[in-house]
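Shared chain: chain A. Partners: chain B in the first complex, chain C in the second.
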Partner chain A sequence: MSDQGIKSRPKYQPIAPDPQGRHHLLVVDGPEVPTEALAEGVTPSAFEVWTVARKSAVPGSAAMDEEAGAVRVFRAVPHLFSALEERLARETMGLRLYAAGPETFLWDANGIGARAGLSRQEMAFAHVGAQARRIFCVHCRTVMEGVTTSITTCAGCGAPLFVRDHFSRRLAAFMAVQVDAEVPGEVPPAEELYS
Partner chain B sequence: MTLQFKPAETFRDTFTYRKSPEDILRFPFPFPEDAYMYSVNIEPHVRGGPTAAFQAAFDIDEHYIAECRERERVLKEDPKRCQVLPHMLAAEWDSLELIMESLAQDYPEHFSLTRAGDLWTWVNRPLNIHQSFTFGKVETLPCGPFEYITRQAQGDFTLQDQRDDNLYVDGGMVTTQADWSLEFDIGMSFHEWHGPVPLAHEKGVFDRALKYLLRLQYGQPVRRLNWTMTVNPRLDTSPENYPVWGPDKASVTPENVADKVHLRVELQTLYRLPRSNAILFGIRCYLTSVADIARVPKWRRRLHRVLRDLHPDIAAYKGLPRFRQMVVDHLAPLDDGAPTSRGIAPDTDVLAG
Partner chain C sequence: MTAGDPLHVRVRDIVELAPSLKRFSFEPAHGGLFPTPPAGGHVMLTLRDGARVMKNAYSLVSAPMERARYDIIVRLVAQSRGGSAFLHRKVMPGDVLEMASPVSLFPLAATARKHLLIGGGIGITPMLSFLPELKARGARFELHQLAGGEEAAVFERLLAPYAAGEEIRVHGGGRAAFDLAGLLSRQPLGTHVYVCGPHTLMDAVTGTATALGWPRGKIHKESFGGAGGGLPFRAILKRSGIEVEVGETQSLLEAIEAAGVDAPCLCRGGACGECMTPVIEGEVDHRDDFLSAEEKAGGRLVMTCVSRARGPRLVLDL
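Coming up: the complex of A and B.
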């Protein structure tokens, strides 16, 4: 059940700077760059790094220049994403965007990049941290965060939902489908799979 | 032959959909041999073929008016069944031109298109539509050009954008689908939207199909057949409405299996579009009950053998396990074991029974 054999599920690998890129911006869902997010021999100094402190009182960054080695700290993920939208809107050719963190963070960053005109070749992602899933109820379009079980109850329409491995990058979410639609009440036990 | 449209037939609730004898014999039966496995079964889409369903670019049959009405109803319930991403506008106009020209050429008694420069007049007699508009000017049509023309065609359509050596499903009109969601899949690459299909990835089917389609030429459309089975003649078997149609699957009994279970065939066509370089993908759905298929000796023998020997992963993906054995048991006494000819033609012009 943990591998449903579905090929829309993204694959990830550790990040290395793209030699074709002019400037490398790495956004991280956490206070520092996790070592497992980077390929062997790659150090954070190769990137302009944006991190998330999850604190309201964030000290001013020592270096605010848009260059390799600079580190900017944000209060929270929406704070970072808001700055990312502004930044990408005035960027030019040659920028490469990298993200490290849970899957939802990666594909929300991807959405911001795509809306700013970055192609898939201009972005790279490393999945580190929680395995919990964002799911999209295909029946009522409710989005639920942090799902860790194979089966859960939809917060919108109440259906018992099976979490498929089918993943939409646009919605940054896995598809969830009513598990007992054919025979109401025929619900298998939920398994803890994505913690 | 003149089509006798049946505008009042339904594809839900009362299920009054029925097929005339001619309509049964024109069915694009999907199995060219007695066993089924995934393959890149693509061939040129040229007029003429093993049944009458292949005689036109975009096939119209006796269910045309009723299917357009069913589509209108689905769109009222869920307008997002038709979505096109903004960069696909040129492909929308390409699609409108292709479908209008083809329908007018293949069915002059039902459709006509006249042009004076960019001023076009479209007449659709079965639906009683007379529309003058300016080609390229969206505001001269009641809705977007892709939605406008696909509301007047049978079957689903998607628009594939070609970039980065891949195809992206960046638009669609999807109201008669075999359990896939445009709202969920829109924007996906070729391998992503085929992600849930078992076995075929490992066999390299999608790698080869994508390579082939990236080279698809303007003026040389191709086609393939795909199939599944649906309980009741229901067109809208969407994931969105699975809680509505799912219980049908548990309603099949040995007594009602022949009338309830339908072979659902998609005549899939792919056209390179001239201005946008996008691909228009037509997914024309045909439903025929097991009872109607059993009236063609070759088809009933073959359907029995294919379902009896079907790979269990394919049966599970297509949603057949609850009733497959009942269909096999119904057809087994009707299969005399005689050899069948290759290809899908019915090999008869008279129905049994």
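Coming up: the complex of A and C.
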């Protein structure tokens, strides 16, 4: 059940800077760039890197270094995303945006990039870390974070939900549908698939 | 792909904008309204000059919301293959012509956060269709029109209705005085660039934008044909079992059509790929914007609307 053969399931590749790009900004959900997020032979120095320390004591970024090799550390993911929105709003054509981290982080970054006008050709993502899913109950529209099982109970409407591979880039979430719609009460056992 | 039955259009009026530029306004010959054209769309006119039949594509310059008339602007080209000279010299108000319904190979990107329009010379024509659409959408845009000396004033007049409060500039000083790299490097994320004009201008915009990191999907160009003629040659249509002579001022496609073969075509400007035909034998002088450099080097395909033989004969799988 882990590969449902659904085409919207995103595929990821290790990141390499696009040779067509003029400037490369890599945002990472973590304190440093995971080696497995980068293609062979690519080093973090090819990018301007933004990381998330998940602590309050972060070094202040001296000057606003906006060049390859510069590293800027943020307290938390919302802190990084807020700065990313401001940065993209004043960027010019030629920028490429890359993200490494769990899927939720990648697709939230994708949404910020798309709203700023970046196309798919100008962004690339590497999935590293947790496999847990953000899911969207298609019946009541409740969004749940960190789902690791094939079947779960909707926090909004209580429906037993099957977590599909069907992925919405707009919502950055997997679609979840009522599993016992045809035979009420017939709910298969949940499998731990996405931990 | 065809665009349905042809429209019959009557010439309402003809306005001379400059010695070599005329605006033709058409109305439906049988009354009613035209279909709503796409912004940046073009129409194909069938021009019958005696026994000779020419099919030429022209961008619409009237607003996409205008359905009572379709306007085109035609430049009289010195080395005209016949179409522009026929329109300038022989077509009169009241004449009825055949026109294919408008199609667009030059659409505005719905997701663009800004539209950068660059026209060169008569490449202003699709821009004149874009402007009312962009205004109506409330979209952010900027237009730069390049003009040869005496035409700058004509283009200023054509753009004047849209100019209030907008970034619209006519550059009369030629390409050297136009800072293309500066313009392209200061555009915000999410900008799409649209260029129509001579090949040298379109290549310069594509090359400069690409070097500055613009992705291919945000660079849009519209070729206005300019197929030009060349040495005559013989085309052998193997499947149809016929041979046609392609004259100096005739395109391969026109010669095929004159022989009664219903060959595929759409833009007649080497842009859309519709007329792509397999080559069995002979060398091709590629003049289109559709095939990749590798495909052109491969020599197995030809765009009949603009490309010719580089030799006395060409054998086609048609």
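The working rule: the second predicted complex is superposed on the first by the 191 of 195 C-alpha atoms of A that agree within 3 Å, B and C clash if a C-alpha of one lies under 4 Å from a C-alpha of the other, contacts with A are read in each partner's own complex, and residues count from 1 in each chain.
FYI, a residue touches a chain if its C-beta (ideal position, glycine included) is under 8 Å from a C-beta of that chain, and two chains touch if they have at least 3 such contacts.
It should be emphasised that the depicted structure is a prediction, and the values quoted were computed from it without experimental measurement.
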Partner contacting more residues of chain A (chain B vs chain C): B
Contacts of A:Pro59 with chain B and chain C, given as first, second, both or neither: neither
Touched partner set for A:Gly21, first chain B, second chain C, both or neither: second
Partner chain(s) touched by A:Pro189 [first = chain B, second = chain C, both, neither]: neither
First (chain B), second (chain C), both or neither touched by A:Glu122: second
Touching partner for A:Met93 - first (chain B), second (chain C), both, neither: second
Interface residues of chain A shared between complexes with chain B and chain C: 119, 121
Residues of chain A that touch chain C when the two form their complex: 20-23, 88, 90-96, 116-119, 121-122
Touching residues (chain side chain B, partner chain A) in the complex: 163-164, 181, 183-188, 191-196, 198, 201, 239-243, 246-247, 249-250, 322
Chain A - residues contacting chain B, complex: 5-9, 119-121, 136, 138-139, 141, 159, 164-171, 175, 177-178, 181-184
Touch list for chain C against partner chain A, complex: 111-114, 184-191, 209-210, 212-218
